[in-house]
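Dropping the structures in below, format is structure tokens.
The following pair of complexes shares a single chain, subunit A, combined with subunit B in the former and subunit C in the latter.
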Partner chain A sequence: MELGSNYLYSITYYVPECIAIIAMAGILFLEIAYKKDESKRILLKIFTVLGFIFTLAALFCLVDLPTKKIFYNAIVIDRFSTLVKIVAVIATLICYYFGLLSRDIYTYLKSEFGILIMGVLVGTMLLASANNMLTLYLGIEMLSILCYPLAALKRSDEKSAEAGLKYALYGGLSAGVMLFGISFIFGILGTIQFDEIAVRIASLDVTQKMILLPSFLFFFVGLGYKISCVPFHMWAPDVYEGSPIPVTAFFSIVPKIGGMAAIVRVTAIFFTTENLLQYTWVGALSIIAALTMTVGNVSALGQRSVKRMLAYSSIAQIGNILLGALVLETVGYQAIIFYFFGYMVMTLLAFGITAVLSDQYGNDYFDRFNGLVYRNPLMAIALIVTMLSLAGMPPFIGFIAKFNIIAAIIQKGFYVLAVIAVLNSVVSLYYYMRLVRLVVFKMPDSTEKLFNLGIGRQVLFAIMGLLILITGIFWEELYTFAHITNQIKLAH
Partner chain B sequence: MQHLLDWILWTPALGILGILLIPGKSHNVIRFWSLFVTAVTFLMTILLYCQFDPSIPGMQEYFSVKFPWIEQFHIYYSLGVDGISLPMILLTGLLFFLCILSSWTITKSVKSYFALFLMLEASVFGVFMALDFFLFYVFWEVMLIPMFFLIGIWGGENREYAAVKFFLYTFAGSVLMLVGLIALYFVSGENADSFNILALQGGKFGAMTIKLFGADWNFGKIVFIGMFIGFAIKVPIFPFHTWLPHAHVQAPTAVSVILAGVLLKMGTYGFLRIAFPIFPEAAVYFSQGIAWLGLINVIYGALCAMAQNDMKKLIAYSSVSHMGFVMLGLAAMTTQGVNGAVLQMFNHGTSTSMMFLMVGVLYERSHHRWIVRPDGTKGFGGLYTQLPIYSIVFIISMFASMGLPGLSGFISEALIFLGIYKTFTTITVLALVGLLIGAAYLLWMFKRMFFGDVNPAVVEYHDMNAREIFYMAPLCVAVVLFGVYPSPLLNMMKASVGSLVSLMAKFQ
Partner chain C sequence: MGIAPYIIVSSILFVCGIVVMIARKNIIGILLGIELILNAAALNFVSFTKFSNSNLDGQVFALFIILVAAAEAAVGLAIVIRFFQIRESIHIDSATQLQS
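Up next is the complex of A and B:
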């Protein structure tokens, strides 16, 4: 195909990303135009929200299309990537809404928040549909670089600045290691295209594969850092604690699902045939998944700040999602997408409620939640539902998500991992219940009903709570929606 | 009538909706509404009993409800009733009705209390009716949520610890069951019957192997162990019993009654419905071990009960001891043994509930439960002269719990001993010692509380009021009636137990 027509053809499949990019640039221009005029700032917010909504709508149009490779195979648009993007856009939209209401963000700055999260969203979308090493790297960098200022949004706060710096240092280092790995892979295989790599791996002999092993491990460092799985998780709690809560909620969902999507795609394309590389990669992933769950859960037990507890809990949840990547079959990816939906709703609800308390008190220690049920029943019940769901209790979506993942790995015969996963959810129940215990069993320190939620957030919390319950009982529709019709593995 | 099971299951759930509509301040409306809901449910369970055809072994087609829930995973919403679950359903209906009456004195957050109580009732019915393994698991877990809050909010001083311990223990057991049920699903071929408890039965997995740590293991045995732990925590069987004394002591009276009367039976019901019939080879293989664990329960529970100074703790340990008899009867896998076990499940449900209710009645007057206080003085004394009606009801419940001939406990224990004697002679003899200790701790408790000098505090207590007599009366009638004339219960379960025993006999 001719150069120009290829681009035109490609752009038609790349509409959602284009809308997001235009919205990002638009916010910048509008910010300059309305700089002096406070009264028109509302237009800016509407513009941003519309940007998200149009992106979402464009994504829904792409859901049922067959797999397309665009921009000379640099990017692949398939159902898996579209579903990941849908989750990411919804999560970003809700985080943006939390951000508008958060004192942490809007006392300091105005529209930077919107621009930055829109940018991270674009990075995540790029990562989710990357089809060669360079787009993958580009996605990771776009994601990371915009995340650093996000972490440091609370400019005058030392912890927030520390979070930004830590994130940047870790991010820079891991990206470097990853690039090193990628260049090795290129050196050995002579290509950066995913499908080409898969073909060339198959034709290598054992010694060549041995050389390839460490380069894949280096490559994994970058992705592992993005999803904060265990050996690379050290930055996460500090960064999460320092960042303003809407940003923390954003960090624990959007970049992570982008990274997970990349891991799933890489695993699905490179390691489908049984050979030394597959054994090592799957073996390493299963050990990492088990460690991630265990370390995340055990570290969450003794936390004082709820935000930090949720940070560790999100590490543990990622361990669960990683299990789905091991399955190497459609049912595993379906379970992962379903888990993403559930994880997004639960995490957003938990952080949203924490943000309300944190805004009121200036911190989010556990004892701030004392007797919440007597002070604000709606919030308390929504929080209880989320916590039970995160721990994997039926009849909530968290249980179904775990059930699907565990079913997928048992089908493949990973019984030991399944047992580790379920025992981990017992450990996690302890710290989730610790919060529920405070909310319900303790008497409040004061009876003042200060929380001014506003109608918007009340409705949002109620909807999310109901969603957790209803999709936990009638999950067939959502499960079917998460079905990946076309295999990620490419024909070659 | 075909949807009777649906109605029994969902009436309490609809009752919750009703409670939510009642304003929180009108406590009496909420109480009477809950009483009405549980009464209707209980009447429906009686109706179920009347319609039940005891001659059919296995599930009664007439009542079965089945339609698809999640088709991709072949999960069905399927309910059924047979001679093993019917006694449990009757017991649940009766006890929840009486417990609402005994909860009349609850004044803290009345609305939430009764709503959670009805939620508990619905989920317990679900467990006893579910014929789909996934559905069973969902009800089994959902039951924990109201239980956690009921213990944690309305319990005694140490309620939080007890609630969390209960929750964690039971959850730990049930997640192992989850792995087991998913494994069963895939091993049995992912078809429409893969979550169907009845279709899985019959020893289809005895010869299969799975690979773990590079070695081949017998699939049936491995999964049986997982399920065994899950159910054993609920029963509770000896090394897993430590949550029970805490939960019982801290829970409010009505919740203790439900816990001892109904929830413990869910564990043994799980063995009868799932673990034994699905893995008969493994059950036969481990039966010796299960019997010894049952014996430990009997003796150890009784000895622990003897050492207690707290009435409620004493009765909690006596439950451990009595559930040991059920396990013994199950392990023998003989007709008398299993009949005795199911009967004991029912009878323990009534007798131990009476004991807990009696403790609750006294506690409302005294606000303590010490038989002997930690400083060595008696908590009560001379109750017999002061509270005559209370004493008589207490004597009936105590003797029923002890297994005195003429009361219900005797029949079931006698059947169990008949059933296990041939298979486990040594264990039978040792278990009889447990019976003796059982008589000893109860009588000793009775002596210290009801005889002797009148404790000055006791004089002020008033005797049982009409409401209390009203909720004790049906239980008193039940223990006497089924002690003299147990055949209605035995007829009900005979055919179903018979088919289970003949299934197990093929593998012995």
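Up next is the complex of A and C:
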């Protein structure tokens, strides 16, 4: 009796996820039963979009609630996880819209694209609010397993199948290694609950901590693979290049912020007291963050395909976000949430514009952007704004996001990391400006007209461009909204 | 018999899995390597539960691992079949389209 009422009570806090799951199952059934001709399936699209909107609405209802642990401490609903989920839902909705319009996804697969990204969204939500090792593992696997077919969605394309294959192999290996690490953490500490792990770590002696260290490094492999930070980033450019563009845009946002949220939570819960484990974890994270930024930016310099350049750029951005996890205080998490929002808008806009040109020409090489400003001023201006913002130029949101993160780490005394972050920002300016130079100063190769964007995409690009500018100038409101009122860390 | 033999067996399984993933050129072989790694972790969980603590977390975890491994193998094999239909080979060295 008590079990049943506990579950019913828990579900009242779990409404957004339930809506997303029901929507996913609904699309699955409608996909089978509804009309065969994809272009006539208007209702199916409306159903999918409504699923996203209701999820978003339910999440907004949960924003101001105090921290709540449900399902016997398996899941935690707090402001941090809810804000991460909100960003993820918005990103998924816009990616779905890109997917509907893109030629990169075959017409008869559009509804399957909806099912799969809805599933990945559920995985991200699970990962963002995971409060024990089992939910964390299930979240990561739900994310990964649904991402493999997404990468291989362009079925008859050789590159896409290969991208799916590489993703599946790397993903399986890293999940396995992470699981092995978790099994030893469980063996040494005797529990999988995050709260209890944090308590028991504090009572270990030095030898036991030495044994625990490699387990935590194994554990980090799985999370590091999900956010594609440096030793585990090799899959990212290949997979991003092979996947269809809307999928690439999706990959560079939703799974990454899910994994990032998990890293932030793990760091915040396990490693707040000063001991050997904390020094190692924070040291490893800071080295990885510095390497991630540097390798991402340096590799992006010589790329020919814009998609691949954006893949490396997203690796570099993740390095920046990783710095926020080192702060171990509310101000760091606030900066991370703000960065997530800015990163989402900038990346979606960049990929959206690339998708248009790629649909037109069949590839996304840099010279396809030649003289874009003479051919489609709206797209060109939006692209320039997002490139400047990604490089971290004021007055755009990218600058404020980077500024918040760097200010937070300087407060904690990581001066070297701050210098590395700023230098990397300078390096990144080179390849972002290369695209801007092509757009503005080169003459178009051909007089071939770009096909009509359609009112929806024009409005979307304009809104996102304006959002980057406006939130860059009037950022206080958004930054206050991202404030994490309650510490993620537990009060014992 | 204590916990040590279980840990040794699971560690051997884990190392075998890693070696298989690195050394085998056949994609099906690589997928088998992933299964070995997952099973090593599952064995660890059940043996830790048996010897060192009384709650059922580890055994529940092992059940979930089996479930997820099945799902992962299904998706992985589907992608391998697709790859085979396109390239007519399941040799990992024929996956060379995406390199910079």
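Worth a mention:
By our rule, the second predicted complex is superposed on the first by the 482 of 492 C-alpha atoms of A that agree within 3 Å, B and C clash if a C-alpha of one lies under 4 Å from a C-alpha of the other, contacts with A are read in each partner's own complex, and residues count from 1 in each chain.
Basically, a contact is a pair of C-beta atoms (placed from the backbone, for glycine too) under 8 Å apart; a residue touches a chain by one contact, two chains touch by 3 or more.
Predicted, not measured: the structure shown is a model, and the values here were computed from it.
By the touch criterion stated above, A:Ala161 is placed in contact with subunit C alone, subunit B being left untouched. Of the two partner chains placed by the overlay, only subunit C lies in contact with A:Val177; subunit B stays clear of it.
Shared-chain residue A:Gly413: touches subunit B; no touch with subunit C.
When the two structures are aligned on the shared chain, A:Leu423 is found in touch with subunit B, with no touch to subunit C. Number of subunit A residues touched is higher for C, counting subunit B against subunit C. With the contact threshold set out at the top, not one residue of subunit A is in contact with subunit B in one structure and with subunit C in the other. Per the touch definition, subunit A reaches subunit B in the complex via residues 388, 391-395, 399, 403, 406-407, 410-411, 413, 415-416, 418-419, 422-423, 425-426, 429-430, 433, 437, 440-441, 475-476, 479-480. Taken together, the subunit C residues at the contact with subunit A in this complex read 10, 14, 17, 21, 27, 30-31, 33-34, 37-38, 40-42, 44-45, 48, 52-53, 55, 57-58, 60-61, 64-65, 68, 71-72, 75-76, 78-80, 82-83, 86-87, 95, 97-100. By the touch criterion stated above, subunit B contacts subunit A in their complex at residues 69-73, 137-138, 141-142, 144-145, 148-149, 152-153, 159-160, 163-164, 167-168, 171-172, 175-176, 178-179, 182-183, 185-186, 210-213. Residue ranges on subunit A touching subunit C, taken from their complex, read 133-134, 137-138, 141, 144-145, 148-149, 152, 155-156, 158-159, 161-166, 168-169, 172-173, 175-177, 179-180, 182-184, 186-187, 190-192, 237-239, 241-242, 303, 308.
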